Each structure stands twice: as structure tokens, then as C-alpha cells.
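Take this structure, written in C-alpha cells, and hold onto it; I'll ask about it next.
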């Protein structure tokens, strides 16, 4: 997936006003809140809309804020970021039929003319990352991959399923055994716990760690760096959502993408273009809603970092150069082949992943996958 | 029982405190490069105008404020309002779900909070374990325990990131535009006020807190006071949890966002209310308004949401020094004489 | 030369109480100067200003001719001033030695704890009494704590020594010892300021005396030139007859029976060892003894505050051994402890303190009737002449004497059948002392049984119908008051069977 | 297995530093009679400032010192409010926590346009071999704990400090300047906490993040009570908590590694281990509480 800075012609007409309502954690999560911000800022620049932001203090604030904003009739669109908004929106949406809502990364399950829900098929990116991680683990001389996950919540179920599927898919294709160590840390904010968890995973033989815990996995990056630099072994890390390679390009050759920014941008664009249509949209590999960041994407985020003064002694180009070398070194062509083949199957709808409805179903799928039954994760299609 | 003159100077003291707080806040805003007039305008315009929202928001905080203050009066530092609220919210929710009976849910929530408070108090009294350790540990234990139960056992099959919901018949709404849960909280605070200042139990609590030796001399058992006050505090927090669930959120999400942090905020509320139940009603409304308004400051000025945290911090700091204002008033009045 | 010269001192406390209204106070070098006054006259306030602990609102202080403005006691200490407070100022959780070390450090920052130990031992030898250096202060009886205070002051090599009511907790023997010490100090050129209510002591030990009344100086005199009567008149502006008229007792039924009582102290050592006695209605039984011989533990056990190891207590014919304090109070017992910190909740108002031991009587169902409490409060204030602006004043703002009046008054006013009083007139001025003693006698005449625990032998002899002497947790002797002389009491209290 | 143990031990020794430093600092403050519950805020503020300084100078040792200084400044603020202005110490702590969090994130936004994390900075390298690595700050924190214990219990100034926390009026009467002692004790205590805050970044993860203190300030507060106000015990308290925290992370991973059983929601139950263990240990070793008598009470002279 690329950075996607294609410039659009400015839309005319009265200026459109949009409020972006973040999740309770607010910006800074390197994940959907930050990505939503990117998308909104892009819409502001390219579509000439007015954007305002708000972070609710707590879950209890969501309904009254939503009502008050809808009642004010000031906003052409309210963009709600994160699954916590699901129930509040469900409560409010019908009362304000003239207010447009976009729910990002979740769905109320209801189709309303004034509501669009955009969610992602995270399994698809996670599956690719699972294959890549497995391939890299073998390059590093091991057979174990790991994940530092946040809390046991539905979006992470999908990542878990996909990641494990990818690992098992790799196993199936290559005959090389892969073991996954998946750890919920119970937090999306405690960086130190991320560090300690990563250290323990590495100690248990994991060679590649996938960060799925927001700020918690920032600590994981650092642990991987320490692990290498202390000479305890070789290991790599992978980020998710935003491109995070620039944090430590030598040790983070690749990150998964989840284009919340695109979702937000598209929702706003629908309003601007007058193509608004309520409904539920899911974005996956095919729609470029998820994927892994290509070098353009890596460069773009490195540029963001540079602008913010975060890249101290590197240029974005150097970041890209290092990432490129590392990818060449650790992701071998045979791995790319598997990745591309799998991606193709997913894109053309040959296989479709299940989305578990309940915790039990999630555990069941995981158990089946562990046993090597890849089809357990699939709603459609099969892997033989 | 204050005489006229004393009452007036108490009121001036409070007014001066608040005035100073906002002045210091304004200075802080200027330093940070924001326009104090604009920020305060938004803060007050939006913070205190949506009455139902304001009162709802202050409801659980009144209860966790009481949860801190009642034990504080008896000489115990209850930092465990957090977990007492969790358990009240969770068990209240389960009761409401399985019975559809809000009264029963309120009772179960209140009692469960009370029992957890009692546990902390009893460990202090009978095992000599400092309540600060127990409470902090218990807070986290229940945080993860409830996170587990909601994720694995009591999730809503329809909305997989949430717990089972409160059924409509057990929800508490509003009458005449005023939220019923707020009224309940106020009634409860008044009840505690009465308990403290007009009953033997309250009197014994206060004596025990101020001077355990005198309590013993009078034949009151200071240990009993600790246990009773922790129970009463826990009841308040537990009830706060149920009120939150039955009246506002109707469920708990599996990241526990709905219930996290209220107990800690309650410490500030209780202290700003000078550990007086009636004062707590006001301090809770005051702080809730700031919290609500802070969100709108972000929306309207593009300031990061943490501007509100900063401002609230400065205001609370300025409210921590009533003694200094008392001296200031005295200097001023003396100077005039 | 003047050791101390204080001019036109005003002191207004933060709550508006004007404690001193333009006091002039001078002390000559090398004299023992008495400072006399009723409760609340401002004696302690004046001395705390001299000691730098509080600042005067207005006025000038000179020490040895130098104008001083102390920022705290440490300045005063360096200027050679030491003070022994009415309420002791020792760190209760530290050992005696640590306390002494702490105070010595102010004078000599380089002193070591071993040097302090040596010095303390020397001083103790000089003065002729000793204290256990390695015991924790709060475990020691008040009398011993006072000794620590005096040693502390002496070790500081003070040139001016202020003693705020030092004798109120000492036995006559100890008082004599103290006076000897003071004279010795005087010989060495040390100036002593001596606060007391006891006219006899003023006459006995001081050279000059200043009398304070309600924040003003009402007289300064050479002690030799004034009589006790003159002083008393100055102090209270009325004639005082310090004689209690007492009819012979007519004891009736036994109201309190104690059988083989065993009680432990805070450190877990036996403090009361098999005490038995009876108290009859219409009599005062005095318990004499040097502080720390189990009187406190006995009183607390009787009141139900302290656990009993063994024995039996019968109140008005009923076994109360298992009852809690409040239940015993309700059953007709009253107890006035020797410490105001225990008997009062200092952070509560006067009226809230009034109901402390009297809660059931102001209850209307589960509700406290504050009207009723206020009525009782007013009655106490009036009957006992408590100097207080309002019943809602925090009691800590009352002078020690006035606090004492509230504490005693509260117990007496509720008409108990049996009264245990411990040092009831400690820190009271003559007027109040007289009043309280008379009250006790009249209570006796109304048929109440009174157990009077006191270290003041005058008080014991004056009030008691019978006397018991306690020594090391046992009753050495018990008998009619006529059987005892001052001398015999002194011997018994010292453990000598006369 | 040995390697696993060494790894857990490393984690423990790394985790215990901020808990120990802050608890030892808070013991100093509390022994003088002042309670400062603003540890969380000090952690954040000093972590942030030390990140900025380290980023620009590339010198993590300087970052450490800055953290210490910022802690001291926080202590000055708390000291002025609670000692000289006789404010309510708990309210002041609560307010400071909010202020410190807010100001750190506002600055993060204005310096790095990020709401969540700073860039990586240089760290003080951990030292070790094989599976055992530890920060040089660990022995330093332990030594600080021992020195503070010795200072408080064995020296004249320690005695004075403790006197202020037991009975300030008596202490004052014996010539101790209670205000000054309490003020300095607050500043000193807060600077140790500041050191702990800086360590979170330059000694541990090399980066500032929004929730970097994550409740550690409160755990340190619990450690103060756990230690019964004894700095030596605070070292042990930090170790114990760090150990069970590491164990709680280790166990589910090891179970997976050995049996292949994936642990999902139950991971929450594992997370309760350090808290449960601490509680149980306290219940077992509990002795008579030696809390300073005058703790938290402003000392008001007339």
C-alpha cells in the first residue's frame, strides 16, 4: 500500500464542516486515532473542508456529546472513530435523520440512510504479516514468531486469527514448522509492559514480534533493539496500522497497514461529492484498506517524522534505504511468492475470512488453526 | 452552627479560592499561548449548559467523592473507590440483566461495593495491613478480573465488545428533565450528611477519626469506625457504579473505559468538597462542568485535549490552599480596620 | 541587669482571641521570677513569645539587653533560653535519649549521641533523679516525661529557664527535689521564670512575681513583700477562701466493688497487681501515689477502656467486668482522665465535646438533638465559669484550664452515681480548683461515690474520707483519712511500710 | 530454564528501579510529615523533560540529571503549597498529577507534533551477559535506598527529619525548623522520584510515551506502606513487585511455548498475579505499622 498523496481538485460550493470524534484514548496511539487524523487533515487540504476534533473523556460522555453535536446542525458529517462509538451511535442515529454519521472501524449492524459504517478485514493484513514473519523467523534461524497484543477485544481477535492463519499457511506451503506465541498484555498504553513482554517472548525463542498494542508495542520495538544490540540474538519487529519502520528501520523492516485515514477521507469525500449513501462498507486487501506499507508509504511516514523533528540523524531517504535493504535481506523471494499468492486469493475472493461473533467462536477458530485446520478461519473457500 | 460573621468569611473564602483558581488558570493559559477569555467562555458555555449531561456526569463522581470522604472522616485513606465502583457496576449490571429489577440491582451494587470496602477496612483493623496497599492492589485485581469476566463470560453476543446490557425495564431515566440518578445521588449525599452530623454513628465516626484515644475513652471502638466507614464508603462507590450503569452507559465495554478512573477523580472531588457530603455535591458538579467543557475547548479551539487536564490541574492546585486565602482575607480586613 | 525585658506586648490569635493586651514584663538576671494568673490569663502565650515559638502581634522583646526578634525556638535556644512546656514537647515515639540528642543538636550540631548519653547521666546525677534513657517517651508516665523535659532544659545550659506549671504533675517529694535544683541553678546565676497557680510555691521559691489577669499585668511585687492572700486577690480580684467545708461522711451501700484486679500497661507489663477495694456511696476514696504506680491503668480498667487480665468489677451491685466503657457510663459511672488529649477531641467544638461521654442522653431515637446538647453546654459554661466565646468554638482554642473545666463539668453535670476523677484540678487556677473541689464534696454529700486519683497530697488529704496508697501496682495501705499524716503518706508512696 | 530465570531476574531488576526510587523518595518526604501523592505526575514530567534533553544532547546521563532537577522543582511546588501555604497535601497531589500530565503532553505536541510518543533517544546501556542484563541504575537505586535508610536512622539530620513527621510542635520546640526540614524533605523526595521518572526513559525504553507512568506512581505509594516506611524494605518491595510482574508475563508465554495452549482472556487473570502476591506477602510479613504520626497534617504556627 502506498502513501497515496494524489492531489485532488478542490471542490467548490459552500464550505463543508466535519467533526472528527476520536476514541476515548485520543490521539497518539499510532493507530486508528492518529490515522483518522491523517485522513481528516488530508481531506482538509485536498477537499477544502473544515475539520474540528474532539476527544471524549469517557464512555459516558459519548451519547450526550453526539446528541449535542447532532442537535447543533453545525456539522455536515460526524466521523466517529473506534468501536466504542457503536452503541452510542445506535442510540442516537435514528433521532437525527438529517445528521450524517460515519462510524469507522466498527458497525452498528444496521443500515441507515444517514449512517455509513466503514470497517476493515484485519485478518487479511494479519495473514500476510504472518507469512512474512514466518519467513523472516527462518532467515533469523528460528521457527517462532510472536505478537505483543493489547487487550482481548474483537479487533484483536481478527488480527490473531489472520496472523496465525498466515503462519500456518506458510507452514503448509513450505513444510517448515512455525510456532506462534501470542500474548495479550492487558494494556494499550503501558510501554514498559510492552518492553518486558517482548523480552520474555524473545527469550522463549520468538524471532519476529508483531506489535498490536498501540503505545504498548512501542516498548516492544525498543526491546527488540536492545536484544540485538546486547548481542542476545537476532530479532525483528513489525508494526501495525501506521507505518512504523522509521522508529528503528534496522529492526522494523515492515509494518502492516490499516487505512483508517482512507476510510475517514472517503467518508468525507462522499459528503463533499454528494455521493453519500448509507450502509456498511468493509475494506480489505482488494480495496487497499489493509495491506503492508510499501516503500512509498514508509517514506511518507518518515517524512512526517522528519517534519515533526523526530528523525534526528537520518533523512527519510536513508530510512527507506535501510528498510529496503532489510526487506531484501530478510524477506526472501520465496516468501514474497507465498505472500502474493495468498494476497491474490484474498483479493479475488477465492478465500474469505470469518469474523467471530463471540469470544467462544474466536477461541474455537484459534484452536482449530493451531491444529493446522486452516479452513476453520475461512467463511468461504478453502486451503488444501 | 456557624455564627453569621464566620459564615460570611467561609463564603468569601470559597469565592476567593475559586477566583484565585481561575486567575492562576488564566495565567497558565497565557503562558501556554491560549486566549484565556476564549477558553473560559467555551468552558463555561458548554460545560454547564447541558444540564442533564452535567448532572449525569457528576452523579458517579458524587458517589466516589463520598467513598473517599466518609472513610477520611474516620481516619482511613480510601483510595479504593475505583474497585468498589467496578464491583458495584459489574454486579449491579448482572443483577439488572438477570432480574430486570433496578431496585435489586441498586441494592446488590451498593452492598458489593460496601463489602469490598469492608474487606479493605477489615484487613487494616484485624491484620494491620495499611489500607493504601490493599486498596491499590485490590483496584488492579478487580480491574483485570472484570476485564476477564466481560471478555470471556458476560459479553453481549450482539455487540461483542460490550458486556451484556441492562434491559430497558431496569434502566433509570429522568423525570421532568432532571435525571433520576442524580436525584438519587443527591438524596444519598444528604443522607450521609445527616448520618455524619445528626446520628450517633456519624458522631462516633468523626470522634474516632479525629482522636482515636478520645474515642476509646468514650467507649467507641475506633476499629469499628474504620470498618463501618469503609463499608459506608464502599456502599457509596458501589452505588455510584450501578447508577452509572443503569442510568448512563447501560453496559461495560471490554476495555473498561466506562468505569475506569472515576474512583480516582472521586478523591479530588471529596477533598475539594472539604469532605462534606453537601460540599461534595457542589464540587462534583463544578469539576464535571470543567471536564465536559474541556472537551469542547478542544473542538472549538483545536487545542489538544490535554489543555483541559492542565487547566483542571492548575485550578485544583489553587484550590488546595484555603488557609492561604483565609490569611489573605484576614490581612485585608485587618488592614481596613 | 535585666535578663528579660518585654514591652507593650500584644498578641491576637488567628481566630481573633486577644490573649495579651500590652503586657510589660521584666525579669532580673539570676532571680526566680513567678508568673501567676488565672486560667487563660495569657501566661503561656507570653512565654511562648519569649521562647520564639510564636510572634507577638506588637511589642518589643529584649534578652540581656539585646533587642531580639526570634524566628523560632532555635533562635531563642541559641540565646540561652530554654522552656519546659505545660504540654510536654517531646517526640512521643522517640526514646528519651533521641529526644535529648535532638534538642542538643540545636546547640551543638557536632555533638554525638554518646556524648549526649554521658552528659545526660552527669546531669541526672547532679539533679538527683534519673530517667530510663532508652525507653520510648510515650511509654513513660507523665511525671517521668516531665523529668526528661527538665533534664533537657538543663543540658541546654540555659541561662534563662522557663517552666510552665512544672509542679502540677509532681509529687511533693519531687517538687522539693525540683525546688532544690532550682535553687542550685540560681546559685549558678541562672534566671528562672516559673509559671504556677500555686501560691504556696510562689512564696516558697520565687524572688519576684508578676500577676497577669485577662491579658494584662495587674501587679509586680517582691515575693517577700506580699502575702498569699494579696496575690490571690490580685489574681482573681476577689477574696478566696481555700478551705473546703466538709461535714463528716455518711457512707451507705457499696457502689463500686473491685476484686483482685490485674491489669497490664501499654508495654504488656503488669501494672495493677491484685487490687481489691470497695467504694461506698457518699464517700470520697482518695488514691494517692507517685505517677506511674498503676493508678492510670486502674482507672482505665474501672472505666472499661483497658482490658482486664483477671478480677471482677461490680458497679451498683451489677457485674460490669465485661461491659464496654459507654455502657458503664450509661450505668452511672463517670471518668475524668488525667489527659485532656484523651478526654477531649481537640479538633471538635465545645458542644461536640460536651456530649462525648453523654451521647445517649442527647439522642432522640437515632438522631442527636443538638438543641439539647447546646443546653447542656450552656449549663456547663455557666456553672463552671468557662471562658469561651461560643459553643461552636473549637475546644483547642480554650486555655488549658478552661478545657479542664469543660471536661470535669461534663462528667459532673450528668449526675453519675460513681465518679472516677484523675487529677481533676491539674492546671486549674485557685478559683476553679476551689470550685471543683467543692463540687466533688457536694456530690459526695448527695450520696455519690467518688474515687479521687491525685498526686496532689493536699488535695487528697483535704477531700478524701478514706485513702488508699498505691505503690507498684498494689495498695500499700487503705484507711480513714485521720489515720494518715502527710509524712506517713510520703513514706507509703515511696514504698516504705510505715 | 536457568536462562529463563535469569531473564525474569533481569526484568525484575529493570522494573524495580522506579518503584524503589520513588518509594524511597516518598519515605523521606513522608517521614518529615508531608505526603505527596503526585508521584505519577513527577514520573511523567521528569520522563518527558529528560527525553527532550537527551534527544537534543544525545547524553542520557544529562537526561537523568534533568529528571532529578525537574523532580526537585516539582517538590519545590509541592513544598511551597503544603508546607508554607499549609495547603491540603492530597488535593495538591491530585492537582499536580493532572497538571503534570497535561503539560507534558502539550509540550510533546508542540515539540514533536505527536500526541502519543517521542522519538527514541539514547539510553544508558544495560550491562550484562548471556540472558542477564541489568541497568547500572539498579545498583544505584539500591545504594540510594541503603544510604537513605542510614541517613534517616543513624544521623542527626535524619533524626530531625523524623521528629518533624512525628510531632512537629515538639520538634519545633526543640529547635528544629519544621518548615525548612519539611520543605527540603519534600524537594529531596521528589527529586528521587524524578530520577525514577527519567529512568523510565533513559534507563528503560528509550522513549517517552503518553502513559509512561501507567500507575507506577501509585504502586510506589503502595510500596511506601509495604515497606512500613523503611527504605531497606522499599528496595525489597520494589523487587517483589517487579518479580511477580515479570512472572505474570512469563507464565502465559511459557505455557504457550510448552503446551501450545493459547491464553486469551485468561491473560487478564495472570495480570492480577503481582497485585495478589503483594497483598498476600504483606498479610504474611505484616508487623506493627510505623506510619509517621503527623503525616499529612499541615503544621500551623500562630
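Order of writing sets the chain letters: A, B, C and D. Residues in each chain are counted from 1.
Heads up, the rule we're going with is that contacts are C-beta pairs under 8 Å (C-beta built on N, C-alpha and C of every residue); 3 or more make two chains touch, one makes a residue touch a chain.
Small disclaimer: the values here were computed from a predicted structure and weren't measured.
Chains that touch both chain B and chain C: D.
Common neighbours of chain C and chain D under the contact rule above are B. Between the chain pairs A-D and A-B, more C-beta pairs are in contact across A-D. Across the assembly, the mean Cα position most removed from that of chain A is the one of C.
Averaged C-alpha coordinates put the centre of chain A at 37 Å from the centre of chain B. Centres computed as Cα averages put chain A at a distance of 77 Å from chain C.
Centroids of chain B and chain D (each the mean of its C-alpha atoms) stand 26 Å apart. Shared interface positions of chain A, defined as residues touching 2 or more other chains, are 26-27, 152, 186, 359. Of all residues in chain D, those touching 2 or more other chains are 105, 115, 264-265, 268, 271, listed in ascending order. Residue positions of chain C with contacts to 2 or more other chains are 14.
Taken pair by pair, the chains that touch are A-B, A-D, B-C, B-D, C-D. On the chain B side of its complex with chain C, the touching residues are 1-3, 197-201, 203, 206-207, 210-211, 213-214, 216-221, 327, 330. By the touch criterion given at the top, residues 77, 81, 85-92, 94-103, 105-106, 109, 115, 215, 218-219, 221-222, 224-226, 264-266, 268-269, 271-272, 275-276, 278-279, 282-283, 286-289, 291, 298, 300 of chain D touch chain B in their complex. Listing the residues of chain D that touch chain A in their complex gives 3-4, 7-8, 10-11, 14-15, 55, 105, 111-120, 126, 128, 130-131, 133, 200, 204-207, 209-212, 214, 216, 245-246, 249-250, 252-254, 256-257, 260, 262-265, 267-268, 271. Of all residues in chain B, only 50, 52-53, 56-57, 60, 144, 147, 151-152, 155, 157-162, 244, 248-251, 253-255, 257-258, 260-262, 291-292, 294-296, 298-300, 302, 304-305 touch chain A in the complex they form.
Residues 19, 24, 26-27, 52-61, 63-65, 68, 83-84, 86-87, 106, 109, 151-154, 186, 188, 356-359 of chain A touch chain B in their complex.
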